[in-house]
Structures are given as structure tokens and as C-alpha cells.
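Shared chain: chain A. Partners: chain B in the first complex, chain C in the second.
Right after this comes the complex of A and B.
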């Protein structure tokens, strides 16, 4: 039995059954959401294991067994095409979402309207899963909008404060504009090539790379840079992520900007505008797109992002805002990895850079999930996120402080934690490709170090009045933090085994030197 | 080997860093009047907290330091850069839209010309 559709059906059913479940009582809806997200995690793990074991791309046609239409020789049905990159992202999304929902049991217990909260959280999760499994570009857009609309609503969930409402409205306005650019790009591609299936689109663009395809690519990348939170289109992020409830901030910073941002950029560039295919065409003097240019555009925005994002984190007094700017900075590293992966395509340097970028997506999801859980614990127990009022927290909340030290060290990239492993791959590949890029990456890390050192000194400083009576939060908040701490430590200790066994094959499958993404579809057409 | 690291190199680097820090501290103790171990001037090292005493030139510490005082010199040193960055973060929706349009225009322009 193919379990892939269940990875969407389960959270969808969970979300829409929430109003009915709520009738059973307040406690049930939270536990129902935990069960549903736990099941989704199990299914995503099964999908990942299947693809990892077989090293083959999974293609699933919605409503049929074959994507090819009757009487025609091209795909007309919606397909979900999952490679190792998509499956790894689905696993990461479901894992962090499960922990965020578990964390919400206690963190959100004083809030009202929780049936809507859990329903929206499950919709957010399914939107992200849809993005990472789909092989159809319009279906991708639909899932992107499902994810985006759920996140707009969740940012403004606590509508009794101006902060959430303002951030939610701003995020919605500019987010919709960015989505319009993405839709425009998709419409141009459909108008020019008459197909929405990504792998088939890749073939069609390679056959006839027109100016329209360049314009479409530019709209797609421009819109998705916004969704990633790249500088200078990151400002919504530093408003929205701190304003949301911390469990949602963990999902927004850890997952949304990955699935709907950097993953989508990588999928569109490597899946649809395959750099290998175009450099091959170029070698034979045939018309082709110059994807090196796009690689350098991404590197340019990556450098801006990692310096400005991390630098802005240094001067924040709001702990969640600091973490949000830090997320911007970390997106810079991921984009740098992908950028180098494009310009050094087919080379060992490109492969290592892609491995680093993929690895850092997973690492940052785990680390930033932990950091926002910590911020939530502090807000829940102390009632403030202002760093000037949190001095001396370490004596009253030792576990939270220890978790913070581990999370901060990991995100700065201190060995032997997981953040170091991925950053090291990015530093190393950028140093090999162009040492100036490595220097810029290290400058970003210096700012990151400065920002987190300030928080650490706050926690370890003289006890302030505000923290004198506080204590650790309950188990429902401690357990998700503890799980993430253990994951960070284990991923740090086994970093190179994980890199070799999981990240490198994932990067290779994304890079698809032999056009695996296209070949998986060609099997149905008869050309494979 | 490419793409890999040896933990021993980090231990060496850490030991060398510690040694350099120690030598710098010893040099500072000898060379500066503000870094004596006891008496006036000892509070130049921020680890010496004294809530009743305000240190001349370091009034901003208000007798003790908190997280916001850490990296004070670093932030002060490149203050202009931070001010420039902060000035751009206006929080205005119109600015957010402008930056989005500029970004898309840059990507579009570069792709059309050199893509």
C-alpha cells in the first residue's frame, strides 16, 4: 500500500475534524492534534525510509495510476514526486510540528479559541508537507497559499495585542504580493509550455529556453526570496515571527521559511531549470539559460542576508526578535550553499555546498525550534521577552538555560554540535570556490556569536526582581525541549555519519546529475 | 580530507587561543593602571560586580552589568553600521513593498540581460 497520500490526508482530516472533536471538551482537541501530528510523523518517516532505502524517486498520480492523459503522450494529471530531499523535508516538518503541538498543550492552555488554533496548525503543517512532496507547479502554489494563509492567521492569533495584528496584516499584504509574483511566474510557464508537471516542464524548457522562461524564473525566485526571508525582503519576518505564539514561531522560523522558501527555490532551480541540462546544451552551442547568473544572484542575496540578518540580531532587546533576525542570518548560509551548488554544478565543491545547505536546513529547523520553545518557556513563566528584564534567569530556570546554551552554541556553529557540521561544509565549499565568500560567511558568524553571547550573559547575570519567583515550566513544555536538545547532541556527535548516509545522497538526488527527476516521470511516457 | 574535519585541530586551536588570551591578560595587567587586581581600577574587568559602586567612565553599567552591556565595545565600534541597518528597518508596509519590488526588479533585470 502506498502511504504517501496519507501524509496529506491525516493532517487534513485532523484539521477539519477539530470542531467536532472540540465538542467532546477542551482537553480532547489538544490531545487529538498530538495524535494526528504523531501519526503524520510516522507516515512521513515511513515515506522517507522507503525512498532512502531504495534510493528511487516516488511518483504518485492523484486520482489515477498514470499521469499521462488518455489519447495524449504528456502528463495532464497532478502528480506528487518525492525524492530524498522532499522526503527529508517532510520528515523534518512533521517532526518539529509534532513537538510544537505537544508543546502547545501547556503553552496555549490559557488561550481561548484553541479549536481554531489546532486546526490552523495542522493546516499549516499539511501546507508545508504538500509543498515538499508535489511534482506539479500549480499544486505547489496551492499548497504554498494554504501554508501562507494559515501562517497569516496564526501570527495574528493572539488578537488582544496590537503586535500580532499589525505583524499579521503586514505579513499578509506583502506575502500576498510575493505570492502574486510566484503565480505570475507559474502562469507564464504554463502559457509558454502548456504543462504544469515540473519534470515535464524541465524537458520543455530545455527544448526551447525562451525569454519568457527567464522572466518566469525571475518572478519565481523574487517571490520565493521573500518567502525565505532573504535580505532585503526579510522585514516581515522580524515582525511576524516574534508576534506569533512561540510554538508557532518555532514552526515559522524552523519550517515555513524552509519549505515555502529555500526548499522551493532549490526545487524550482534544480528540478525545473536543471543547471546540468542547460550547461550540456550550452556545450553544444544550443540555446540555453545561463544559470550561473542565477547562482550569483542567489549568492549576492545570501551574503547580504547572512551579514545583515545576524548583525541586526546583535542590537535587539526583544529575545524573540533576536531569534527571528538570527533566522534571517541562517537562511543566508542555506542560500549561500545553494548558490555555490548552482555555480559549481557538477563539481565536488558544488556537491559539498549542496550537502551543507540541505544539512543546515534540517539543523536550523531543530535548533530554531528549540530556541523558540525556550523563548516561549521564558515568556510563559516570567511574562516578558525583554532581555533587560531577564537578568539572572539561570538560577531559577536551570534546565531552560542549559538548553539555551546548547541551542545557542549549535546555531553559532561550535563543534561538536550539529550546527557546526553543516556550517563547516558551507564554509569549506565557499572557501574552495571563492575565499571572499568564506570571509563573508565568517563575518556573519561573528555577529551571530555576539548576539547569542548577550542573551547568555543576561541569563547568567545578576538576578533581577522580575525573575526572583519564577520556576521551570511543566513537562509538556520541557519534554519537547529535551527531545530537541538530545537530537542536537546526537546529530552533533554523529554528524559525519549523518552527512555521509543521509545528507550527501539527498544532495546528489537534488543535484540530479543524470536527470533522475525527469527520468522518474519519463517511465510513464515510455522514454525512460 | 575535503568536506571533513578533524576534532584535534579544534583542540589545538582552542589551546592556542587560551594561551594567547592568557598572555594578553598578563600584558594588560602590567601595562595598564586600569587592570589592577585590587583597589581602584580593578572593575575594568566586568566580572568584578559591585552594585553600590559606579565606575567612572562606565556609568552605563550602573554598578552591575547585564546582558545588554556585553558586546558594548563591539557594538559601539561599528555603531554607524548598526544605525544604518536600523534606519532601514522602518516597520512601514510601504517600505516592505518597495523592497520586494526592488528585489524582483534586480533578479528580473539581471536574468534578462545575463541569464
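Right after this comes the complex of A and C.
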């Protein structure tokens, strides 16, 4: 039996059964959420392993065995189409979510309404998994909304201060605006081509690339840049991510802006508007879209994002806000990788850039998860996230400080750690494509270095009054941090092996030089 | 100034007494016929929730608190979701959301257009109706409970 639907069923079951479980008593809610998310992690790992082993795209039809309708020759049913990129993201999402829920056991112990908290966290995880496995663009929108609405509510979960409520409302307005852009794009595509299946849509667009499809592409990419927090529209991110509880910040920064942002951009561009397909059409003098323009637009926003995001991080006094701006900067690197992947499509350079971008998504999810867990530990133990009051924490919280040093070094991209490999691939490809881009990328890293050095000096500085009586947090918070530190070290030592064995096939499958994404669906039309 | 939890007076209460059952019946009709007429679980559930809101508005919060147990509604909402999920999982032997009741029976596999047809759809409509009704009533209850104006 195919294991794929269970990756959705398990968290959905966990979320719906949460009110029933909470009747048994307060303690069971957290344990139930840990069990459910742990199971989901196992299932996602199984799905990833299956696809990695066979190196084939998995197509799963909902409601029937065949996506093609009775008596017609086109797909009418919702399909889930999982390639290695989707499966890798699903694995990352379930892994970080599992650790975040484990971390919540202690971090959220003093809050009320925890059945809603855990139910919403599982729904958030479910939405992200749905986005990365779906092959139907309206199904994608539904999962995007599930994810977004859960995250609006979770940002405002601690409603005893106005910070959370303000950030939640702001996030909701901006997010709804972005969602309506995306919905408009989908509606235009559906009106023009009459199908919602992504792979079939790709064929239809290649047959008849109209102005409408360009407008739809602009709406989709615009809306998704909002959701991923690219620079001119990053203002919601720097409010929402610090205001959420830290376990949720780790999921928002590490996962949500990737699954609902850069992943979706990459999927829509490479899956639906494949640059290779259109340059092929152009070679035969047929009407085609010119995706180089789009690639340069993405590179432009990427450069803006990585410089401004990292530069804004330098001047923050609030530790979580600093990390949030750093997330904006790192999104810039990922977008830069995808942008170069589009303009240098089919080239060795494009492949390196895509490998770097995919690799950096995974690395950043792990590193930013760790950094927000550290911020949470500091808030939980000291009660403030203001850097001016946190001086000299290193002596009282040595493990937390050590984890921070490793996380910060990894996100800056120092050699023995995992951030180095992915950033190196992005630098390398941008230097090969256009040296100016590489210079801009390095400037971003310099700012990032300055920001994290500042936090490090605060931690190592003279002990202030506030931290005199502070202790390390309990085990439920230490263990997730320790796991992430170990993952960072292991991924750092094996970085090039991981790059060759996992990330390169993933980038190739995303790039799909032979149109594998469409072929996986065509199998059914040919046979049906 | 009126006391905070006041009801709305005799005329409104009498009208509410008369209309709440009718609204409920109409909502139940929309849910049950969801698979053969326009409407369905969400619309019917929202209609019944309208009756709940009318009760809340006409009789006031303190009266509604006695009749409506918040935790019970929260559990019912979870059960609605679980029933929906289970209906989707019935055909998991083939694929997720495979309509096994419609294809193989034993119930809800009558002639298309009749009440006992369409496989899992009537079950899902009932589940969604339950979830929407309890969810909307809980949400409005929360809004009514958490108002924080100064006296």
C-alpha cells in the first residue's frame, strides 16, 4: 500500500482528535502532539527514501486510480505529484516541526489554551506538507491558506501583550493580500486553459502562451514573494516572527517562508512555466514566453533582499527581530540561486545554482530552527530578548551559548559547518554567471557576520544584573537544540557527499531537462 | 446603561422562540440534501449556527452559557473533523478519498439523485455540518465572552 496519504492523514487526525485527547488531562495534549508529529516524520522519511531510491516522480490520484476522467482525455481529478524536491522539503518540514513540538512541551508549559496551540501547530505542519506534495494548483492554494491561517493565529497566540496581536493582524492583512494575488493568478490560468493540474497546465501553456499566462505568472510570483518575505514586502515578517512563541518562530522562519514562498515559486516556474520548454519552443520559432526576464526580476529582488535583510539585522536590539531580519537575508540567497537557475537554465552554472538554493533551504531550516530555539531558551530563562540586558550570558548558560556559536558560524557560512557548502555553491554559480552578483552576495554575508558577532559579544561580555541567577533550561528544550547542533555538525562534515548524493539529484529533478514532471502525468493519458 | 448580559425583551424573545426551530430544521434539510440539491454541510451548518447566534443575541449571554457547554462544543467539532477524515479513509484500500461506499456499498449506493446515494458524501456533509455549526457557535461565543470594554 502506498504510504503517501498517511503523511496528510496523520497530522490531520492528530489535530482533529486534540479536543478529545485534552479531555483526558492537560499533560496528554503535548505528548499526543509529539507522538503524532514523530509518526509524520517517520512517514515523510519513508516517502523521501522511496523517491530517492527510485529517482522517479510519484503521482498519486485522489478519489480514483487514474487522474483521467471517464470518456475524456484530460486529467480531472486532484493529483499529488511528489518529486525529490517536494519529498526533501516534506522531510525537512516534518523534522523541524517535530523538534519544535518537542521543544514546546517545556517552553509553552505556562500558557493556557494549549489544546488549540497543538492543534494549530499540527495544522500548520499539515499545510506545509500539503503544499510540497501537491500537483494540483488549486489544491496548492487550499493548503497554502490552511498554512497561512494557522500561522496568523499562532503569531497572535500569546495575546496577553499587544505585540503579538499587532503582529498577527498585520501578518493577516499582508498575507490575505498575497493570497488574493495568488488566487487571482490561479483564476486567470483556469479561465484561460480550463485545467488546474499543474503538469497538464504546463502543456497547455506551452501550446498557447498567451498574455493572460504572463499576467497570471506575475500575480503568482508577486504573491509568493510577499509570502516569502522578499525585501520591499518584508515588513510583516520582521514583526510576525519575533512576536510568535519561539517554537513557532522556528517553524515560521525555518519552514513557512520556504514551503509557502520559495518552494512554491520554484515549483510554479520549473513545473508550470518551464524555462527549458519555452526556450525549446523559441528555437522552432513558435510563440513562447521569455523567462529570462523573470529570472532577472527574481535576481534583482534577491540582491535587494540579501543586502537589506542582512543590513537591517545589524542594527536590531531585539534578538528575535535580529534573527527574523537574518531570515529575510537568507531568503535572498535562496532566491538568488533560483534566479540564476532560471537565467542559466540547462547550463552547468544553472545546475550548481539550483543545487545551492535547494541545499540552502534545508540548511537554513535547520540553522534558523536552532537559533530561534536558543532565543526561546533565553526568553524562557531570563525573561527578556533585549540584547542590551543580556550581557554575559555565557557563564550561566554555557550550552546555549555554545549552540549559538555553532548556529551563528553555520549561518554565516564558516567552512566546517553546513551553511558553508550551500553558500559556496551559490557564490560559485553567481561568480561564474556574473561576478557583480557574487560581490553583492558577499556583501550580504559581511553584514550577516557583523550582526551575529554583535550577539556573540553580548553573550560573552561582562555579566549584567539580569543574568546573575540564570540557569540552563530543562531537558525538553535542551534536547531539540542538541539534535540540531549534531545535525549541523554532521551535515557540515559530510557536506559535499550530501550535495552529490541528495541535493544534486534534487536540483536535476526540479530542473527536469526532459520534462519529467509532465511525462509523469502523460503516462496516464497514454495508457488511459 | 443597561446591564451587560441583558436579553432583548419580550417581542424578540417570542419571535426567537418561534423561529429558532424553523431555522434549525431548514439547516438540517440543507445538510441532509447536500449531495442532491444546492448547498451542503457548510451552508447548512452555517444556517444552524445562525439559530445559535439568534439564541445568543435574543436571550443574552448568561442564559446561553447555561444551555451551551463550550468544551462539549469543542469536542463535537473535533468529532466532526474525525468523521470527515474517516469517511475519506474508507476507501484507503484503493486510494485516499476513493468513494468505496458508492462503488461497492452496502449503504448510500442507491440510484443517483435519491437521498441514499452518493456514497460518502452524505456522511461528509453531516460531519462538515456538525463541525461548522459547533465551530461558528464557539467562535461567536468567544467573541461575546472576551469583550473587554470599561464599565
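Here is the rule we go by: the second predicted complex is superposed on the first by the 526 of 528 C-alpha atoms of A that agree within 3 Å, B and C clash if a C-alpha of one lies under 4 Å from a C-alpha of the other, contacts with A are read in each partner's own complex, and residues count from 1 in each chain.
Everything below uses one rule, namely that a residue touches a chain if its C-beta (ideal position, glycine included) is under 8 Å from a C-beta of that chain, and two chains touch if they have at least 3 such contacts.
All values reported here derive from a predicted model rather than from experimental measurement.
After overlaying the two complexes on the shared chain, residue contacts for A:64 are found with chain C alone; chain B is out of touch.
When the two structures are aligned on the shared chain, A:49 is found in touch with neither chain B nor chain C.
When both complexes are overlaid on chain A, the residue A:226 reaches chain B alone and has no touch with chain C.
When the two structures are aligned on the shared chain, A:18 is found in touch with chain C, with no touch to chain B. Set against each other, chain B and chain C differ in how many residues of chain A they touch, and the higher count belongs to B. By the touch criterion stated above, A:211 is placed in contact with chain B alone, chain C being left untouched.
By the touch criterion defined above, A:428 lies against chain B but remains apart from chain C after alignment on the C-alpha atoms of chain A.
Shared interface residues of chain A (contacting chain B in one complex, chain C in the other): none.
Chain C contributes residues 71, 74-75, 77-79, 81-82, 85, 89, 92-99 to its touches with chain A in the complex.
Across the complex, chain B meets chain A through its residues 2-5, 7, 10, 49, 51, 64-71, 74-75, 81-82, 85-86, 88-89, 91, 93, 95-97, 99-100, 102-104, 106-108, 110-112, 114-115.
By the touch criterion stated above, chain A contacts chain C in their complex at residues 1-2, 5, 8-9, 12-13, 15-20, 23, 60-65, 115. By the touch rule above, chain A contacts chain B in their complex via residues 170, 173-174, 177-178, 181, 211, 214-215, 217-219, 221-223, 225-226, 230, 232-233, 235-236, 238-239, 289-291, 293-294, 297, 301, 308, 311-312, 314-315, 317, 348, 352, 355, 387-388, 390-391, 415-416, 424-425, 428-429, 432, 450, 453-459, 461-462, 464, 496, 499.
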